[in-house]
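Read through the structure below, which is laid out as structure tokens, and then see the notes.
Lettered A, B, C, D, E and F in written order, each chain numbered from 1.
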Amino acid sequence: MAEQTQRILVLNPNSSGAVTESMRAACADLALPAGQELVFATLAEGPPGIETQRHVESVVLPTVAYFLAHPADAYVIGCFSDPGLLLAREELDAPSFGIAESAILAATAQGGRFGIVAIKESSIRRHKRTIGALGALDRLAGNRALDLGVQELLDQERSLRRVIEIGRQLRDEDGATVLILGCATMGAYCAHVQAELGVPVIDPAQAAVLQASRALVPPQRKVS
Amino acid sequence: MAEQTQRILVLNPNSSGAVTESMRAACADLALPAGQELVFATLAEGPPGIETQRHVESVVLPTVAYFLAHPADAYVIGCFSDPGLLLAREELDAPSFGIAESAILAATAQGGRFGIVAIKESSIRRHKRTIGALGALDRLAGNRALDLGVQELLDQERSLRRVIEIGRQLRDEDGATVLILGCATMGAYCAHVQAELGVPVIDPAQAAVLQASRALVPPQRKVS
Amino acid sequence: MAEQTQRILVLNPNSSGAVTESMRAACADLALPAGQELVFATLAEGPPGIETQRHVESVVLPTVAYFLAHPADAYVIGCFSDPGLLLAREELDAPSFGIAESAILAATAQGGRFGIVAIKESSIRRHKRTIGALGALDRLAGNRALDLGVQELLDQERSLRRVIEIGRQLRDEDGATVLILGCATMGAYCAHVQAELGVPVIDPAQAAVLQASRALVPPQRKVS
Amino acid sequence: MAEQTQRILVLNPNSSGAVTESMRAACADLALPAGQELVFATLAEGPPGIETQRHVESVVLPTVAYFLAHPADAYVIGCFSDPGLLLAREELDAPSFGIAESAILAATAQGGRFGIVAIKESSIRRHKRTIGALGALDRLAGNRALDLGVQELLDQERSLRRVIEIGRQLRDEDGATVLILGCATMGAYCAHVQAELGVPVIDPAQAAVLQASRALVPPQRKVS
Amino acid sequence: MAEQTQRILVLNPNSSGAVTESMRAACADLALPAGQELVFATLAEGPPGIETQRHVESVVLPTVAYFLAHPADAYVIGCFSDPGLLLAREELDAPSFGIAESAILAATAQGGRFGIVAIKESSIRRHKRTIGALGALDRLAGNRALDLGVQELLDQERSLRRVIEIGRQLRDEDGATVLILGCATMGAYCAHVQAELGVPVIDPAQAAVLQASRALVPPQRKVS
Amino acid sequence: MAEQTQRILVLNPNSSGAVTESMRAACADLALPAGQELVFATLAEGPPGIETQRHVESVVLPTVAYFLAHPADAYVIGCFSDPGLLLAREELDAPSFGIAESAILAATAQGGRFGIVAIKESSIRRHKRTIGALGALDRLAGNRALDLGVQELLDQERSLRRVIEIGRQLRDEDGATVLILGCATMGAYCAHVQAELGVPVIDPAQAAVLQASRALVPPQRKVS
């Protein structure tokens, strides 16, 4: 096993390199077992952000195409809408993980009830479908959106204050005992939010990368 | 963060050092982020194995007592019945994980439906309560017991053949696309079973350790 | 209302005109209220048949693009995997219906438990996701596939015999009191199967067209 | 098929001819396939309205008796409590539909979440039982009653204003994306409410008649 | 409390006095608190047995009429289809119990999973609706019918043998750990079946009478 | 049966004799069938009250040990957290009942939705787990805590006023139609609360004793 490197490929299905870097940073403190390598990529043809059902659908085929063209030992779809996960699981020989699914399951593994900090109100119904399909709706404390304009989102300090404000509402009004940052871009805020609010905060990219890493120990073989 | 070591304490609540070693071996190939340390311990006052509800109940208080006496940054209860998990979550300042819960959630993160290889028929109803509380019963393909006598279990070769036989039934007759070894003692078989059956096999200790590791990145602070 | 025609557009998202004609024939005996018009179309760029998750995903954007380019008062997606339904509902000003959803709900409206005659084994898990999302899994008596080769499917007489054989199993072994033909292509068999087996048989295209027609009485206005 | 007329019998199980006429008007714009005929009837021995559990129970036997004495090819029970539906399905050779069941399923076919405009607070628990039995409680946005006195209900203009007021609350406060008028008597308001609120409004009589019509294409044979 | 007798009225809604006597005998060994009195009655206008949905519906109004004419402090509907329970709860000032509901809940209170011995195959779907409405379907081990002809049912020895045979199947093949005799007439067999099969056997009349008795301690007052 | 006394042993797993007496008083008005005897006991080594998960876990083994040392024909665990119920059911030859389970099922048998008056906020999550495992969450109207200090709880008049206040909120704001006093100590208030609020009030000790009593008629034999 040691002689052969195993690659976990994390694809950001939007075209914003900054989001990819955000995920890379969020995973920087993770260690991988000997022989496992973490590779990040950005889907050049993706939209700048994935905010609508159209964005989601438009990256399904390119995401899996990218995976097929860049074979790895495990795949992570780096968008909280998990676009292409069903197709990846049907076509790829190696295990595939969505960061939303993994984050929700990591929250569940921690006990208690989780709150999700969403970027936009409109993505909440997508989140709910994922949670429902996982049978975890009764552990959802709440799902609240930042509802910031583009300019405000670019202002990191302001964004962080808003994430903390929303997280506090989830904790105090909705009873969340653990928070999920419901977007691949918020990894940088994770530690600050946790320090400020005193509840565990889950970065979805981390959660998925660790599931992928676990799936490769022992070495994952092709599933017939 | 690097200057201060974070410890993940995995406690085997039975008194069999061999089981503890089995978990240690199963996690040997895992890497931990810089500053994270994995510590294994055996509960001296535990029974040799945890096979009945009495065994489960008898280790609840000693397990949490051990944790209280050996503070760590995250706790893993290394028995597939997750004894003491509710109490640990109520009393400990750091996050606590059960290997059954974490394994079931890791199986879910992989998609498809899971089968559980149990040691004994009588533990299946305990497994079902855990799965039900996680809302995952509809992803349970099957739960089958090895039903081997003590002598046969000591015979590793024979045990492995039986695990593979049961795993094959779960895969072929019950439709499982991923297997969980439903005991802390079967880690050694994980790679063999996966190689033989061509489906992902989840070692529960690995699954829980990785959840604990994730919970410590960023550094976990006391939850008030 | 009478002065202005309302169009229900049924799109076959595969490129086989024969399938489109099959749906048209299945709906021929339906009447539409005065002022409603039923239009059928074939998605030229679709695959000849929709049999895999890739086929499903590949027609999502073209299906909605077709609808956007051919505005109607209600839209029906004529494939039992309901490809593009979520996107259509987010983007189109008029109501959108999937033939799988509508068929399952029509079966439910009839009371009892339903059986689905699928073309291929591999589509059954897609059906189950749809049924689960509708909360109707407890009314599913069974889901069985014809499992015929291409040549056999072209042989209509042979296909019909097989549909009846599978329908009989669903009725007698699974306890189905109503059958759904789980494909847009089987409309021609509907009456024969019903006559032979004596249980109601639901053609999914009919079911969706009638839901669309109902949604237009009274005249559907743009939902803001 | 064309040579033999098929009758869909819609029975209003209360004795108010005005309610029967309201359903007839609501279905006037529907078209039936060649050979299908829609017949409306009023249950002379029914109470003037069906507002209590006693009213419901008191019309169960008379409703089915009426159907047995007036054989048809499909039966619709024209009251939002679906009285007698279980008995009809056990005794009648032809398919039977309840307007509540059909309306709830039509709302589901449209996607989103539905709100129900009830006449009286006390009927809401009956509605909930029906919705629960259909597995659709998670798509119920809300259920609100008009709570008008008899005199106010007779004042059509006032009633319509109240229906719109309640519908607006269901849309804006409860998040309903589609409305169901939870009574056979409100068909006349359907178009106005839809025009005013910009969300689809489902008339339950229409919904059931269309399910019945669909069940007769192809011609329904006796289910052994 | 002692100075005023409280009456629990158990009505057999069929006209067979033998069934009433069977319930009286089944409850003979029960004790009532001081001041509570158990009264049995037979619904003269009921059918000889309640075997079809028509039988059920036909006794709904007479059952509640009997209760209204014979006021008591608690009411028990002595038929395993619980006819009239919804109406009784809406109209009566005192609490009402169905023997099916009470038996299913008593089985649940005992832990494990229950099996139901039904008289006829056709009543099983009625049982399932009751169980489903109580949220107890996952504790149903099985539901099997005696399927005896009238002559055979009159032969008590033969009936008992058949009840034991069916009970054994429920225990051994379906995994039932407690049995419910799914009819008011089988009380006489209760002790024999329990002695023979070694699993608890629940008589539904007993279960309901005890719930009624409990509801009267402390003295039940009119619920406004 | 009459010649041999059957004992129902109710164990208060906390060491407060006053709580045991409270249960004895609550059951004083119950009658037992001839030959049944009700015995109350106090677990000397229990904590003064059971308020935390630690209290619960700490009495699991002593509770079952007490039962093993004092064999009876049926066992009742007299604490609303049902400590040791799983173990009792696995080890004891006679049926075991928890007062929380029995109270929740008695509330269900009464129809409508129940509210629970809890002593402390922290016990509510334990209650919810029990309710969830029984499949009864949809019948839970609300769960509210008295939140009184020790001194206030000792003041019976003040406690009663608070129980009534909370019960009124459950009835009026949460829609409860039946109340459960969620603690073994509140039996004395039962009649007063019921008289004051006009809704049925369930004492959990009574509910469990009656289930135990029912299980002994006919005489309970050892379940193999």
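Heads up, the rule we're going with is that contacts are C-beta pairs under 8 Å (C-beta built on N, C-alpha and C of every residue); 3 or more make two chains touch, one makes a residue touch a chain.
Note that this is a predicted model, so its numbers are computed, not measured.
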{"item": "Copy-to-copy rotation for subunit A and subunit F - C-alpha atoms, rounded to a multiple of 5°", "value": "120"}
{"item": "Label of the chain whose CA centroid is most distant from the centroid of subunit D", "value": "B"}
{"item": "Chain whose mean Cα position lies farthest from subunit F", "value": "C"}
{"item": "Geometric centre distance via CA averages, subunit E-subunit D, whole Å", "value": "34"}
{"item": "Mean-CA-position distance for subunit F and subunit C (Å)", "value": "53"}
{"item": "Between subunit C and subunit E, centroid-to-centroid distance (C-alpha), Å", "value": "45"}
{"item": "Residues of subunit A whose C-beta touches two or more other chains", "value": "132, 137-138"}
{"item": "Chain-level touch network, classified as line, ring, star, complete or other", "value": "ring"}
{"item": "Complete ring sequence of chains beginning with subunit D, oriented so that subunit E follows", "value": "D, E, F, B, A, C"}
{"item": "Subunit A residues touching subunit C - in the complex, by the definition given at the top", "value": "52-54, 57-58, 60-61, 64, 84, 86-87, 90-91, 129, 132-133"}
{"item": "Sites on subunit A touched by subunit B in the complex", "value": "1, 29-34, 36, 85, 89, 95-97, 101-102, 105-106, 108-112, 134-139, 177, 190-191, 194-195, 198-202, 206-208, 210-211, 213-215, 217-224"}
